Every structure is written in C-alpha cells, then in structure tokens.
Amino acid sequence: MATRLASVPVAETYKVHARLDGVTRIYPPRAGHGEVHALGPLSLDLRAGEFLSVVGPSGCGKSTLLDVLAGLAVPSAGTVEFEGKRVLGEVPDGVGVVFQEDASFPWLSVEDNVAFGLRRAGMDAAETRRRVDFAVGFMGLKDFRRAYPSQLSGGMRQRVCIARTLVLQPRLILLDEPFGALDQQTRLLMGDELLRLWRETGATVLLITHALDEANLLSDRIGVMAARPGRFIDIVGTGWPRDRDSRLAERPDFGAVTARLWSYLRGESLKALQGSSPPLGGEAR
Amino acid sequence: MTLSLRSLRSLRDPILVAIGLVTLWQVLHQIAGDSAVTAPAPTLAHLWEMVGQARFLPHLRETGLAFLQALAISCIGGVLVGVVLGGHRLTGEVAEPILVGLYSVPKITLYPVILLLFGLGMPAKVAFGALHGIIPVVLFTMNAVRNVNRTYLRAGRAMRLTPAQTAWHILVPATLPEIFSGLRIGFSLTLLGTMLGELFASQRGLGFLLMTAIDLHDVKTILAIAVLISAFAVLANAALLAIDRRLHRGATPEAEKT
Amino acid sequence: MISKATIIRTVVLVGAVAALEVACRTGAIQPALVIAPSAMVKALAETLQSDDFGGHVQQTLSAVAIAMTLAIVGGFAIGFVLHWIPFLRRAFNPFLAAYYAIPHFAFYPLLIVIFGLGPAPLIVLATLFAMVAMIVATMAGLDRVPRVLLKTARIHRLSLMQEIWRIRLPAAAPHILSGLKLAVAYSFIGVIAGEFILSTSGIGHEIAYAYDNFDNPRMYALILFVLGIVTTFNMLVWTWERRLARRRGMAS
Amino acid sequence: EDIVVTHYGSLLYGVPYAIALEKGWFKEAGVDVTGILTSKGGGTSVRNMMAGDTLYAEVALPAALSAIKEGFNIKILSGGTDGRSSFWVTRVGEAIDKPADLKGKRFVYSRPKSVSESVTLAALNSWNVPVADVKMIAIGDFGAGLTALEHNKVDVAIIPEPIYSQKEKAGVKYKVIPWLDEKLPAYTQTVAIATDETIAKRPEKLRAVIEARRKGVEFLYANPKESAAILAKAYNLPPDVAASALDNIIKMNPTWWNRGELKQPLMEAMAEALGSVGALQLPIDWKAAVQPGFEPAAKTQ
Amino acid sequence: MATRLASVPVAETYKVHARLDGVTRIYPPRAGHGEVHALGPLSLDLRAGEFLSVVGPSGCGKSTLLDVLAGLAVPSAGTVEFEGKRVLGEVPDGVGVVFQEDASFPWLSVEDNVAFGLRRAGMDAAETRRRVDFAVGFMGLKDFRRAYPSQLSGGMRQRVCIARTLVLQPRLILLDEPFGALDQQTRLLMGDELLRLWRETGATVLLITHALDEANLLSDRIGVMAARPGRFIDIVGTGWPRDRDSRLAERPDFGAVTARLWSYLRGESLKALQGSSPPLGGEAR
C-alpha cells in the first residue's frame, strides 16, 4: 500500500506527537451501576513516528484511552495534546481511528465504505478510485467490492474498516484491536503491511492488541496496562530496527520481550477477573 | 435527592411549554377575537364550570368507556399484529400494503361501512376509535421488529425459544422505544377516533357535546372540550414517556456530553 | 419476477373483492350501503370522464404534495433538532403525539382567520397532521443510530450537515420509515378529510357531496380513486424500503 | 326505541320532541322513545336512520328527496318545519339597506348546491340582483361563516336560531337585513321519514311518534314560556337564550313548526329552489316519495 | 464452574454426536453481489465428548459451518444430524451457541442476560440464581452484575454471552471465536476453565478460533479449513491427554502441532486475500 501512498513525514516537525497529561476518565453512575473509574490518572508521550502498542486485561480501559486520545471523549481530569494543540472535544485533523466494534456502514457497498472519507474530504475521483482500488485489493476484498457489509464475514467487515481509515493517510493512526477477528496468518500479513506503511509514511501508530507477540513484533514501545482503573504498569521498549517484519519473531531475544509482557499481565488479568482491584502505584511516561 | 431534582426538571420543561402554549392562545385570541378563539381565562373558567355540572359526567363516562375499549384494541391488537407482520416476512409483505392503503383512505368516508358492520352506538364508536389508533401502533412495531438486530434473533433460536417467547422476550423489549412511539400516537388517535364516531351520530359523549357546540358556534365550549382532551392526552403521553424511560433505562446510553 | 407475497396479496385482494361483489349482487348487502365493486369501477370510469374532475384532482393532489413534502422534510428537521437538544426534547415530547387527540376540525374558524379562505388552511392542517408522526419516528430512529457510527463521523470530521446527511439519516432510515409511511397516509387523510368538511372543491368535497346526495356509485368511485393513488404512493415507499432492507440483509 | 332528529341539541327542529319527551307523550301515544339521536345534518341523518335501525327520523327535505331519488327505500311521512327561521346579517355599520347595496357584496353559504346556496340565490333573484354582481363564498358551516363575517372576509351571512340569540346575549352585535328574504316564497325545511320496512311492519309506532310530536307543537305555541324552559333543559341553553330564540322564531314565522301536515306547495317550492342550482333533478315523483296516511288528524281543539 | 454443574455424560450414548454429510451452503445473489459459495461440500463426524477446533482464513466459511451445524441455517445441499436425528431448520435441544458478534441483550442487566435462557426454560429461581451467581463470578463480572451491556467493554460483553450459553449446560457447545476480544492471559484462564467444564460434563465442543496455539492446546482434533468455499484441508489429531491444561504448551511436541497448522494456513490465507481461490480437492472426515 505504502508504495503508492505519498509519505507524510511527521518526525521532523514534532518530537512529541501527542501527549496525555494526568488523564483520568470516570463514567458517571447510571441505571444499574455506580460510577466507573475506567482510566488513569495516566500520562503518556507519544513520540512522533513511533509505533506504540498497548496491552492490558479485558475491561482495563484501553478503548477508553483511545477515545480520550482521539478527542472522542473528554477526560474527567488532565489534558490531551496533539501536534502541540490541545484536544478539546473534537477530533483533530490527521487522526485516523479503527474501532473495536464493527463500524462499517451497512448502507454502503464495500468500495463506497472505503471511499467514504476520501469523498468527504473532497478528493478528486481519479485519485479516490486509485486509492480505493489499491486498499480493497490489499485487504483481500476484491471479489466483494460491490457487496454490502451484511454479506461479509466478521473478519471481512473489520478489514473494510481498516481500509477506510488507512486510505486517508492519517498522521496519527489509532487502532483498537483491528485484527481481532482475523486469523493469525492474515494478521501477520496485515501486520507486515502496516509496518511498511508506517515506515514509509512516517505516521505515528498506537495499536491496542490482545496478542502479545503481535505487540512485540510491531512496536517500538509497548505500554502494559493494569486492571481497571487503567494505568501503565510499565512501558517496555523493544529496540527493534525500524526496518523489521514478521521474520523478527525468529530472533532469540524476541521471546524475552513477550515473556516479560506475559509476566506483567498474568497478575493483572487475574485481578481483573476477580473484581475490583486496589489502586496501583505504577505510572509510566 | 438527585432523583427528585431530575424529575422536577423533567416536569419543569413541559410546564414551560404549556405556559408558552397558553400565551400563544392568548395572542391568537387577540388576533382572531371571540368568534374564533375565546381567551384562556374565561375558557378555563367555563371548562371548570362544565366539569362541575352533574350532566357532564354521563358524557364523560360514555366517551371514556368507548375510548378504553378502543384503546385496548389499538394497543394490544396493534402490538400483536405489528410483531406478527414484522416477525413473519411473508405475512408482512402480504398484509402491509393492504393495511396501509386502507388506512390512508379518509375514515369519514368509510363511515357508512362502519355503520353497516357495527350498527349505531357503542360498538361503532369503539370500532371507529380503534380504526384510527391501531395502524400507527402496527406500523411502528412492525418496522422496529423488521430492523431488530439479527443476532438477537439468532441467539433466541439457539436457546430454542418458542415463537411466542421470541416475540415477548426479544422482539418486544428490543423494540420497546418504537412501540412506545407508536402507542403514543395510537393513544391520541384512538381518542380522536372515538370522538369522531360520536360526532356523526350520538346522544351522549364528548363528541356529542363538541358537535352541538360547533353547531351553535359556541366557541367557548369547543375550546373547553379541546383543552380538556388535549390536557388528558398530554398527561397520558407524559406517563407513557415515563414508563418507556423506566422500561429500557439500561438499554440506551444517555447522550454523552462532550 | 413476481414475488410470492405479491401473488398471495393479489389472491387475497381478488378474493375479498369477489366476495364483496357476490354479497352485493345477491343482495346480502344493500346497495344503499355498499355497491358492488364492478359498479364502483364503472362509476369511476364515468367520473374520470366528467370534465370538472381533473380540476378537483389537481387541487387535491397539489395540496397533498405540498403537505407531504413539508411534513417529511420539516418533520425530519424538527425531529433532529429535538433529538439534538435534550432540553427541547424533554419539553416538547409530551405534547407531540398528544396533538393527534385534538379535534382539529373545531379550529377551522381560527384557521380561516389566520390563513384566509382557500387551500392554505387545508394544507396547514394536513402538514401538521403528517409532520408529527414524522417527528416522533425521526427521534426514535435517531436514538437507534449506533454510537460507533457517530464516533466514525467525528473521526472523519464531518460538518453537522454532512453528519446528518451521510450518517444519521441513512443509519436511521429503516426506523424513520414508519413515520414516513404515516406521513404519506396522513397527508392524504388531512387534505381529503379537510375538504370533506371544510372546502367546496377537491376530491374530499366531491366525496362529501356524493355522500350527502346519496350518490353511492360516485362516492365509492371516488374512494376507489383515492385508494388507487394512495396505493401508488405507498408502493413507492415500499419498493424503496425493500431495497434498503435487501442491502442490509434484512430480506432475502 | 331510538329516533333521529337532525341537529337535535343545537338547532330548534327538535323542540316539539323535547316537549313530548318531557311530558311523557310518546309513551302515552304508544311508543317508548328512549333516545333522540342527533347528527350533523345533510345526508348523515338519513344514513344514520337506515344503518341504525332507528324507527323514525326528521331530516332535511333535500336530503330525503335525494335519497329517494337515488333509490333508497324510504318515504316521506309527514311535515316538520316550513318557512324562514334564520336571520340574514351583516356587520354593524355596513351599508346594506336596499337591494342596490347588494352589488359586489360577498355572500357566504355552507356548501355548493346546499339549501343555503339555493335560498341565497332565490333571495337575490327576488330582488333582481344578477348573481354575477355578487360573490358567493362557500365555507363549510355557520360558525366559520360568522367568524369570516367578523373578520371582513364575507359581507352577508345567515344565522339560525338559537345561535342568533346566543350571540346577542353574549353581546355580539350584528346588523340584521330583514328585507332580504321578504319576497321569498315559503318552503319546507324538514320532513319526517321512515324506511319502507318500518312503514310496513310498525306503522302504529310511527303514528305514535307523529302524534306525540303534534302535541308538542301545539303545546309549544300555546305555552312558549314553559316550552322555553323545557328547551333550555334539553339543549342545555341558558333560559334567556332559549326564551328569546323561541320568541324570535314565532315572531318571524308563526308556523315554522308544522303540526305534521305535508304542504305540497311548500315542498315544491323547496324542490324548485334546489333544482334551480342543480342540487336536485326535477321533476320529483311526489307519489313515489310520499307515503300517505301518516299526517296527523285535523286540529283537535 | 464444572464443580457445581451436574455432569451430562454424552460419550456413552452416542459415538457420533453430530454429523455433517456433503454439506454445502450457497448464499443467494443479492444487492450488489452475486451468489456466494461459502461452504463445502464438506463432511464431518463430531465424536461424542470430543473437543474439536476449527481454524481457517478469514471469510472461509467457519461461521457458516457453525450456523449449519446448529440448525440456524439450512444447508444448500447435504444433511446434518445431531444425536441421531436430522437437524432441519431448528436448533436441537442440547445445543448451545456463542456467536462471533456481540449478542448480549442491551435491555437486560448482566445477570438477567446470563439468566435469560434458564428462565425461558422454566428453571426454578433458586437454581437459576445459583448458576447465574457462579457464572457471573467465574467470568469476572461480579462488580458489574447489575450493569447493562452499554456500560461494559467489548471483552466484558463477550464474557456475558459465554456465561449465558454455558449456564444452560448444553451437550454440544458451539463457540465462534468466543475469546476474540479477550486479552491473552484471560483467554488462557478461560480456556482452562472451558477444558475443566468439558471434562467434567462430558460435553462435545466445537470451537472456532483464530489463535492456533489455543486451538492446539484445547483440542483433541483441529480442522483446518481452506479458503472459500470452506472445506477441510486436514483434520489434525493432537493426541493430548484428556486431563490437560495450559501447561501443555511447555511440552516439546506442542510446538510441532502449531507449526503444522501454520504451514497449512499460510497458503490459504494468502489465497483468501488474493481473491477467488480455485476449488481444492482435499476433504476430510
């Protein structure tokens, strides 16, 4: 994909591409349940051009973190900045998001779904067509370009949403378990493509994932979140070369990082399953 | 505490609107004069006096009785028919165009046919009321049922629910907001229909009072009855809304403020 | 290709019409009340040829068209505003559907004062009548728009109009349909019933006139005519709905 | 038994029935009338009588004639009301004092081809005012007509009793144009009808109703005061309005409530008026329309 | 969970618990797209009491297979049998299904969601309560039992659906990526619990999953599906002892099975991504 997409160098312009500062998010009490302290306080500097993954137990606040970072939810406390400007209840230009839920538009065909953002942005028809063709093919949806989401499998719908975001060439890409409904092989292929795209466009990527080796393989840094309220226990730097792909998994030191993530998470997941966890001290930047 | 504050607020806003409507009424009165709209104060006084009279009660009872029966038919029948038409594709496709087509014909013109079927009197009024009210309920229910998330239905089938269980435990709760929208419109139209029935041939009922008032150009009484009916419909609507909110309180997240 | 439903529906309708025909011909139903369908059709053919008929039809249909357009567009817009501003919604919600209970025909004198003599009061009445259902359905439909789609709209930084047109409207469309169907029905009912009572021309008046003059053939012919036009309109909505449903995998 | 009386409860056609009901004369005559159904005039009254299996109805003559003309199985039995009973009015201060003033004025009537239209045309005709010189506006009903009059959307309207008295008591002023229908011939307004089936099966009941009504009419003329009280109660009118309404009608037309005789010339006058505006096809086959033998016996005094 | 759930021995009664015979499923043409040959022809004997996983590229027909097996979809050709009786357009008694999509009922609280099936089946209140309490606790939803799905994270909603199916104690459990939205650690814990339940109730389990080591770890046999139209390339027997848990992953021969699955899938996923794949010969029973 990257071969055909113009590159948008980010790294030179900003050192810190996005910054979360003392962010918390508390859902107000509602029918059946009291207030939920879902996130934070948490601080994070997302460096320009880096690939950061976030892992953590189910329900720990990863999706909430993404919402706050994208400007989709207002933090209960703390501030969010993107490219030096405060994010205040509006999604800044240059941010692309793939949600955890299926967000394909059921009333649009696959290609219209993918072209959606381009058309709204006023991209000319020829370029739109070129990019859509490329993305549809790349996502393995060529046979289904005129089909509607109701005719697709779960994984295919997810791919439609990924394509719809990537054709826009965002400078900050936020991905919430984008490969959750894909088989491992497809995941790997997509992961490699994502890496290539990242390298060639210089975009900053934040990826929420459940697969630890995927996080390991793709990332410069991996934030490990504690059970709710979500905060970073640690942010693990991998030190992999920028020019990596899935063959990285064969390196002997690869396993060590995964193992470290494992050991962090073992306790947290158990805690999350067993109910309200006591507040944790660890917070990392 | 917070709860009572919130319910106070939910009362306050409609009351503001009601005050606005009364003001509008006064303005209309100033523009149009007594022969079209009487002023709010004397009209309400007249209504108060009317309701106080002993001869008013039989009229109220007559209309009330007809209305309640018609309402039962509209609501229960409407939801049942709506669920069946929405849930069973073929039945829906066969029946919907016929129903909607018949409904779109102004019902006054069907009056002779109603008379033919039900004769003069209570049954005709009930039929006329139900005829007006049932279709909105059917349409809202049917459309909502058609658009129910398929996965819920699959889950129901996987749990081996009977059709009745599916209808009652999945289709109805999943479509409750739409059903209530239909019920609210159906409620009001049933009331209107019942009165229309009385307008044509009757010797008792609010519709009868209204018709004599129209004949006599007794604007004050016309307005008084209209106000009475509207107030009743507004209260009933508010009650339906409150029930609706309670029934699906967890289901829809309140709009998030950003 | 004709669908199974169409076939069954046709059979049902033909059966009903045939039963009515037989009942009328055998005298089970007096011609004073209902006339045989064949007689209705014959009368309709005659009515269609009478020279003043075109004027009535034109008057009624243009009033219906105006009322319908205003009701659908306005109803959606108002429904959207009420949905958008919770305060307004809380305030107006109880009054909306209650509107239907008001015996509106009692207010013709008022309407005449405000809108004068002519088609305007009728159009106003029909518009209001049709619009309320549209408003209620619009609000119910907008409540149903999945939150993740709204988030997607914000990610794409859509303007308010774009968001309404590109996301909320299509996402709510299947739910708004119940309001649309009622709006179509009520535009007809509003105009024709208004003409029936108030006006001195239009199809509604013609029906009333035939009614008062015991001209049953003409009355039923006109009702049949209305039924035909209304059905045509409904079929348009219906076809559109089916197309929506097919895309979304609701029908097969 | 139920009977239908057009506009019962609002217009004054029903006064004799109210009196008869109050005095128990229906029972006395051998029919137990339990309810008097009202209806909004026009064809509805006739249709209601037929569909509701009601014994008897007093309806507008034009409606009865149309129904019979269209082959409905009903017959005219006896008379109801004849002649004028309404006021022609305009706004106070409007200069309509002589036939020449009518030129260019706007006349309101209820519906095309209705009694009000035919009467208006006949009145204009009686003063040799060409229809082309005035504007005729149809508006639906009296109430709307009055509103339109007040808001200067029309110039001449017809007000029947008891609306006139009621408006007068409420302080609304109109200018009456008494001379307008002066030269009109008298015409029948309402008649009693029943279905052929009832006539064949229960003629004695019909006679009983007609007899009780006759007593009511005679009482009405003999005791206007007491009648007004009964009317006020039955129609829920203020006593003074009821009294003034009865008074006005008796003053204007001392034979409005007919004892029950069918007055052929008056019926024909109405038929002609209707025929002139095309609301009725002439000629009428009166033999087929009227069922003889139900008119009350000659005066019993 | 199993500790408190009465066991339903299936193995003794039936040798073949469910059978698919020459099944195909073709979706009719619809708006925008022609007909889709999604599945088969495919045959499979599901042995009583076995744990069988199905893996395959995205869009290959796994969910379709599950629908057909459960009686939720009628095959275009071929037959389905369950416990010796033909399955015909109705879900047989004793089958439990967890769907790939979120099927939690938004109008019910977590505990009412879980109790739903029990109540409809007329289970008495005390027993319902007991089972629901257990399942809710076991799924780590104790703090959220009165919350509604809209207040839960994606993974939490998925757990609600799993609980709702398992409390019914089905004899044949069909799971479509039930752990897709769960983090790896939680997956492992849930997997172990599922194994225990399976052992103690003797139920037959068919699990669709994207995680190959999960498939390997949990299963007696693993069916590998080819790209659409979905058919089995091979059904790999693992030979693991019945009495296994996640520590199995430490065995040296564990990796070999995963590797074998990998090698099968590599080609298939690529094929799936690249568009209409030519029909494949392999079909296994």
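Here are some notes:
Think of it as A, B, C, D and E in the order they're written, each chain with its own count starting at 1.
Convention: a contact is a pair of C-beta atoms (placed from the backbone, for glycine too) under 8 Å apart; a residue touches a chain by one contact, two chains touch by 3 or more.
Just so it is clear, the structure is predicted and the values come from calculations on it, not from any experiment.
Any chain touching chain D that also touches chain E appears here: B, C.
Ranked by C-beta contact pairs, the top pair of chains is B-C.
Separation between the centroids of chain B and chain D, computed from CA atoms only, is 37 Å. Here the spacing of chain A and chain D, counted between their Cα centres, is 84 Å.
Each chain gets one centre point, the mean of its Cα atoms, and the points for chain B and chain C are 18 Å apart. Note: centroid distance chain B to chain E, computed from Cα atoms, is 47 Å.
The set of chain A residues that touch two or more partner chains comprises 30-32, 72, 101-102, 148, 151.
Among all residues of chain C, those that touch two or more other chains are 33, 109-110, 112-113, 197, 211, 247, 249-250. Each of the following residues of chain B touches two or more other chains: 32-33, 35-36, 112, 115-116, 214, 219, 250, 252-253. Residues 70, 72, 90-91, 93, 95-97, 99, 101-103, 105-109, 116-117, 120-121, 147-151, 161, 165, 168 of chain E touch chain B in their complex.
Within the complex, the chain C residues that touch chain B are 3-6, 8-9, 12-13, 29, 33-34, 86-87, 90-103, 105-107, 109-110, 112-114, 132-133, 136-137, 139-140, 143-144, 147, 174-175, 177-178, 181-182, 184-185, 188-189, 192-193, 196-197, 204, 207, 211, 219, 223, 226-227, 230-231, 233-235, 238, 245, 249-251. Of all the residues in chain C, the ones that touch chain E in their complex are 243, 246-247, 249, 252. Within the complex formed with chain C, the residues of chain E that make contact are 28, 30-32.
Across the interface of their complex, chain A is touched by residues 27, 30-33, 36, 55-59, 62-63, 100-102, 109, 139-140, 142-144, 146-148, 151-156, 159, 177, 180-187, 189, 210-212, 262, 265-266, 268-270, 272-276 of chain E.
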